[in-house]
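Please find one structure pasted underneath; my questions will follow.
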Amino acid sequence: MTAKTSTPTVPRAEETALQTTFPRLMLEHAKARPQAPALREKEFGIWQTTTWRELADEVAALACGMAEAGLSRGQHIVIVGDNRPRLYACMLAAQSLGAIPVPLYQDAVAAEMVFPINNAEVAFAVVEDQEQVDKLIEVREKCPQLGRIWFDDPRGLRKYDEPGLSSLDALIEAGRARHQREPGFFEAAVAQVNPDDVASMFFTSGTTGNPKGVVHTHQTLLDRARAGADFDKLGADEEVLAYLPPAWIGQNIFSYAQWLACGYIVNCPESAATVTIDMKEIGPTYYFAPPRVFEGLLTSVTIRMEDAGAIKKWLFKTFMEVARRVGPDRMDGKTLSFTDSLMWKLGNLFIYGPLRNTLGLSRVRVAYTAGEAIGPDLFTFYRSIGINLKQLYGSTETAVFVCLQPDHEARADTVGVPIAGVEIKLADNGEILVKSAGLLKGYYKNPEATAEVLTPDGWYHTGDAGFLDSHGHLKIIDRAKDVGRILGGPNDGAMFAPKYVENKLKFFPHIKEAVAFGDRREKVCSFINIDFEAVGNWAERRNLPYAGYTDLAGKPEVLELIRDCVEKVNADLAQDDKLAGSQISRFIVLHKELDADDGELTRTRKVRRGYIGDKYQVLVDAMYGGKAEQFIETAVKFEDGRSGSVSATLKIVDVKTFSSVKQAA
Amino acid sequence: MNTTTTDAGASPSTDGRKIGDVILDVQGISLAFGGVKALTDISFNVREHEVRAIIGPNGAGKSSMLNCINGVYTPQKGTITFRGKTFGHMNSRQVAEMGIARTFQNLALFKGMNVIDNLMSGRNLKMKTNLFQQAFRLGAAQREEEEHRAFVEHIIDFLEIQAYRKTPVGRLPYGLQKRVDLGRALAMEPQVLLLDEPMAGMNVEEKQDMCRFVLDVNDEFGTTIVLIEHDMSVVMDISDRVVVLDYGKKIGDGTPDEVRSNEDVISAYLGTSH
Amino acid sequence: MLYRENGQFKTSYRADQQVFPITQDRAAIGLLLALAVFAVPMVADEYAFRAILIPFLILSLAALGLNILVGYCGQVSLGTGAFMAVGAYAAYNFMVRIEGMPLIFALLLGGACATLVGVLFGIPSLRIKGLYLAVATLAAQFFVDWTFLRISWFTNNSTSGSVSVSDLSFFGIPINTPETKYLFCLAIVVVFAIAAKNLVRSHIGREWMAIRDMDVAAAVIGIRPVYAKLTAFAVSSFIVGVAGALWAFVHLGSWEPAAFSIDRSFQLLFMIIIGGLGSIMGSFFGAAFIVVLPIFLNQFLPAAGAVVGVDISTAMVAHAELMIFGGLIVFFLIVEPHGLARLWSTAKEKLRLWPFPH
Amino acid sequence: MGFFLETLIGGLMTGMLYSLVALGFVLIFKASGVFNFAQGAMVLFAALAMARFSEWIPKWMGFDSKVLANILAFAVAMLLMVAVAWLVERLVLGKLVNQEGITLLMATLGITYFLDGFGQTLFGSEIYKIDVGLPKDPMFLLEGMFQGGILVNKEDLYAAAMAASLVILLSLFFRYTATGRALRAVADDHQAAQSIGIPLKRIWVIVWSVAGFVALVAGVIWGSKLGVQFSLSLVALKALPVVILGGLTSVPGAIIGGLIIGVGEKVSEVYLGPTLGGGIEIWFGYVLVLFVLLVRPQGLYGEKIIDRV
């Protein structure tokens, strides 16, 4: 393939200073500022603080203990659990020994853990609590090599007599003893770890087939972590709330790699139920969330405002108007007219400030969204109330940081400029290729997969289709492989970018998920999942009675509501002749929510288009077969693990499409 | 306090702890209000570390029995022996000091206080600073407050009510209020815990939770538990021995199985609607 | 709305247990105190001191004391006036009978005597509850009234039955100008308010509230009703007694038993009902309200009357006052039994959640 | 001896009047669990109304038959009291259902203040006379037995007689009329009463009206004795200990209590007064009650309270 565009490598500062490892960084912090807080966890009602010194000691003990237990250089150790200080300590401990922590999703079912554990011949595991222990015990006979399991929270485990199962307390005790005997051992071990040794392995929940273990070294992770930190001038005084799954590289970068790179403070919430409270208390200065979280927040805001008194509603409406008008300009650093800035200041006093406060975002200096595209309304909302929300582009394989949006240059439809140390070029099929010091070393024990994404000359195939716009900002259209062609029909040969379409749909608060079909077909059709909370409220406000999700999804009024959204999308698509062909002509509002437990979404809630296409074949055929409605029965798994089935007869809705602007003109 | 517990679902409550000797012995208790006989000549005993249930139809005198044990009512006849000490009647304070705590059938929380304060009030026996120290929060008083707060926080963690810590108990849903009630009793670090219909008026999940907590308490802290229930099914699963009362008389006593097969009990229960 | 609580997290129980855990509140209260100490003396004139500020402070103190008994421990007392009287006359006797008795000690000793009497009349509360107790406390009221009226020893055999004190001083600082009197009261009130707050948030306070909310449950967890109730009576009467002494010494100067009649008792009761039962701050709200309202009416009603062409006599104003008080009591009992304090805290909650309603 | 009997009888007579006021308390407490502090205010209010209307009505209607005037005034005053009863139920009690006794007590304190203010605004605050033609001249009894006989104030005698007959009347009313039985039922158990279809609200209005009637009579008697003025409302404070002594819920209790305290305070005043410096009656009743309560927390005739858990 030949490079279409290419950005020159930006020469990177302190190249050498980066030649370090996570454990070394920790020890440096412990030496430089032993009393400074490294971690906080809300437990027993207050924020219990761990200083760098204490952390270092704990890690030393853990490392010695693990060494005692036989964990050695190059071996893997799985870490399963929520964000807990001691689990972080365990990762550091493992890395101190040159071993490789493999964080797994704590909400994964036991079966999903078998592959990673066997794939990496894992013999050691550190888990959070009884729940995880039970899972590992369950998979044990499938993974005989899994010899030792340590747990953080002993509640409920006192009477388990499972071989090799013991508490972290015990481990630390053993470790302390070893540390007594061989005081030098720990430092020596740390010294032997090189920046180019493998630091961690992250299993990417691939949309198809087995997950792939992405191998990263201390060097790759730290290089990107530092680059990101430099880009937004992160310091040691940042406060971060660690609330996303640690197994996800995003979380791992923000509350682990950058934590050690910058030495800021990571705070762990008390429990899933208290995250919002804890968020409000901590008020992070550096915040990261995938769009769905921001979406959730916004939805809750709108819903809570529904019950507000007339005056408040009026204030809210008026000042959100102002915000929409002047907020973005303000954020982009443009100078505002006197009245505008005055109005915004008023709004800040009455609405924005309090809003930021109740959301826990008052102190945010930098907030990122990534993982998937974010809706323009959503994005502008946060920026307009004075939160410096920006997009970033990257993936597990690139150690996250590829592109970032500089302050004052954040757009909803681009993902920013390539940051220090990143080269970008486009393949002729529009796929984005990346080269940086942060690229994965390869997929674990999977050379062919590695070969697919890594060219011999060190370019990584992101699998995304996109281009750099006139300002040098990267614009993503879709997954390269998903970009298809319309076959036959009026738009024959037109480009079909399903993800792009789906996102445009999902940007409407009432639409939760969307799945678009159209590759090698004559027109585009789509499945749609309503957002139960939002649409439910919408229905209540029109006192439209409904009995549960399926019923609501079937209501003609709701279908009308959705149709409007879809038409808007079509009108929008028509603006861009490249994408005009992707307009949606028919859709079905699904009778059940797409769910990861039913395999319809990935653990990171990305839709598995292919799988869904097969599962709901009848519906797809019905849409293309021109039927008006279609009966379907689907098996579902409930929260509590029981399984049952839901059935419904679904209306198929036709939507108006627009002729491309270009053609019209 | 050590908050490790065992999951009731995973293991029956009897293993992991061994039932000891008789700790509480009730002999020939009779109680009457005016003319009305509430209890007639009730005798039974409770062994250390066991879960002992008192069952019977509504109005069988179960609560009255409890109220006699912890000194709310004074029985006209009979004695209660606790750890070898025999009493005709005790006042509630003595009972509390001896390490007997209880929960109440229809919630008796302190409505005006939040969860923490309700639990803290359960620590009053252990708080020693005088008025003056408290008035000026002199070191001792401050320290005391902090220590006991820490203890109480462990109970909050144990009962999984972190999210409601500072909520006035009045605002909590019924099931949670029951939990707080239990928490207040636990705050006393009791040796014997009297539970008055802990599952009354609860839905299935709440009942399961409560069962788990009860067994956890019994299991973790070796607390002897005397509980009243009129819902047989619950009792039979979690208790070691059962006393059956009907119209203030004892009509059965033994293991759940023995009781289940006891004619009088069956008739008593068929006689009442459940 | 004004609250910005992000970053105000607590890393110790001490920090979590402060009276005002929120920075903004601490700031506000600090500001308020500063104003009271520095700004007020500059702006207030003699009338303001004599008619509003000093009575407000002293009655707040008395209400505070009563609130501990009624609001926190749930023991209704209609005899508060009596305990004030005891404080006043006891303090008086210490002053006149002991050479060079410092004012502050006289006040405290007055409080001590009130404590004794309070505990004495509190003893029935161990056996009798609610209404019966309320009436029993009236016994204190009438008996004490009578005592100071008829037993001339207490009034130092003054022929007129009225007694007076003069040239007060606080460790050499003469307390003779309205301003000094005001500051003196302020100081005492602040100290007592802090102490009271500490008590009600310590275990004794929890014992009181436990008795109030559910006495059987309280007994079962080992709280001794005797101790809880009597301490409540003691603390309450002590504060009330000191307030009484202040009222007599600082506010009145010369007085007779009528100054502490049953009407005073009711007035204080109203203060805590309107201000907020079981709330320290409520005591101040209530006092402020009931001190200011009559003054307001005296100004406002005649004026209003003049507008509609009716001339309103002082008697009518007095009657209107009675009616308005009566109406307000009923209103608060029905609409907001927790009084102004609750309104205040709800408002505060709303501000914290702003712009959200809940 | 003669002198003692005199005091005794005097005591009994005042006692009778206490009982009358106390009866007002008991009625209301039985029926609505409200300890009606406002009873005294109602007495004052009723008396004021009576006094003023008996002046005004002849003026307005231009006749001067004292009897007629009194009858009309009495009727009007009674109507007023019914109105008050109705308003109290509508505006206060109806909104405080199932509240604690103490809250209700405080509410009636509010009512007291309101009525005092309202009454004096309507009828003025000077001292007024009620003259229902009670003979004022003294009479002597048992002159044969003691020399000089026993001096008894006729007025008192009539008053006591009226009081007594009213008391009897009411107890009969309670025992034998349907409303009376309904009242008792309500007193025993509100829910139950409601469930068997007794209209609580109406009952309450009735009770308060009856109480108003009692207040009126008391007001008339005391008024014609001492003249109608603000201090009249303090009669309530006299009656409080009587009620408590009697045990809140018991009609006979109220009567006995009244007599005991009436006699007690007269006798003590006469025999201890001089030594203690007089004015004992101010507190005698209360201190007596205090001690009785220590022995019988529920008063002489009250039911024993058992805490159920």
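In this document, chain identifiers A, B, C and D correspond to the written order of the chains, with residue numbering beginning at 1 in each.
Criterion: contacts are C-beta pairs under 8 Å (C-beta built on N, C-alpha and C of every residue); 3 or more make two chains touch, one makes a residue touch a chain.
What you see is a predicted model, and the numbers here were worked out from it, not measured in a lab.
Think of each touching pair as a link: the shortest run of links from chain B to chain C has 1 of them.
Looking at C-D and A-C, the interface holding more C-beta pairs in contact is that of C-D.
Taking the mean of the C-alpha atoms as each chain's centre, chain C and chain D sit 33 Å apart. Mean C-alpha positions place chain A and chain D at a centre distance of 79 Å. Taking each chain's centre as the mean of its C-alpha atoms, chain B lies 50 Å from chain D. Here the spacing of chain A and chain C, counted between their Cα centres, is 58 Å. Listed for chain C are residues 12-13, 16, 216, each touching two or more other chains. In chain D, the residues that touch at least two other chains are 307, 309.
The multi-chain contact residues of chain A, meaning those touching 2 or more other chains, are 45. Looking at the complex, you find that chain C touches chain B at residues 12-14, 16-17, 195-196, 198-199, 202-207, 209-210, 212-214, 216-224, 231, 235, 278. On the side of chain A, the complex with chain C involves touching residues 40, 42, 45-49, 239, 280-283, 301, 304-305, 307-309, 312, 315-316, 349-351, 353-358, 360-363. Those residues of chain B whose C-beta lies close enough to touch chain C in the complex are 70-72, 91-93, 95-97, 101-102, 104, 108-113, 117, 120-125, 127, 129, 131, 134-137, 141-142, 144-146, 149-150, 184-185, 188. By the touch criterion stated above, chain D contacts chain C in their complex at residues 35, 91-92, 95-96, 99-103, 105-107, 109-118, 120-121, 125, 237, 240-241, 243-244, 248, 276-280, 282-283, 286-287, 289-290, 293-294, 297-299, 305, 307, 309. Only residues 3-7, 10-11, 15-16, 116, 149-150, 153-154, 156-157, 162-163, 165, 220 of chain B touch chain A when the two sit together in their complex.
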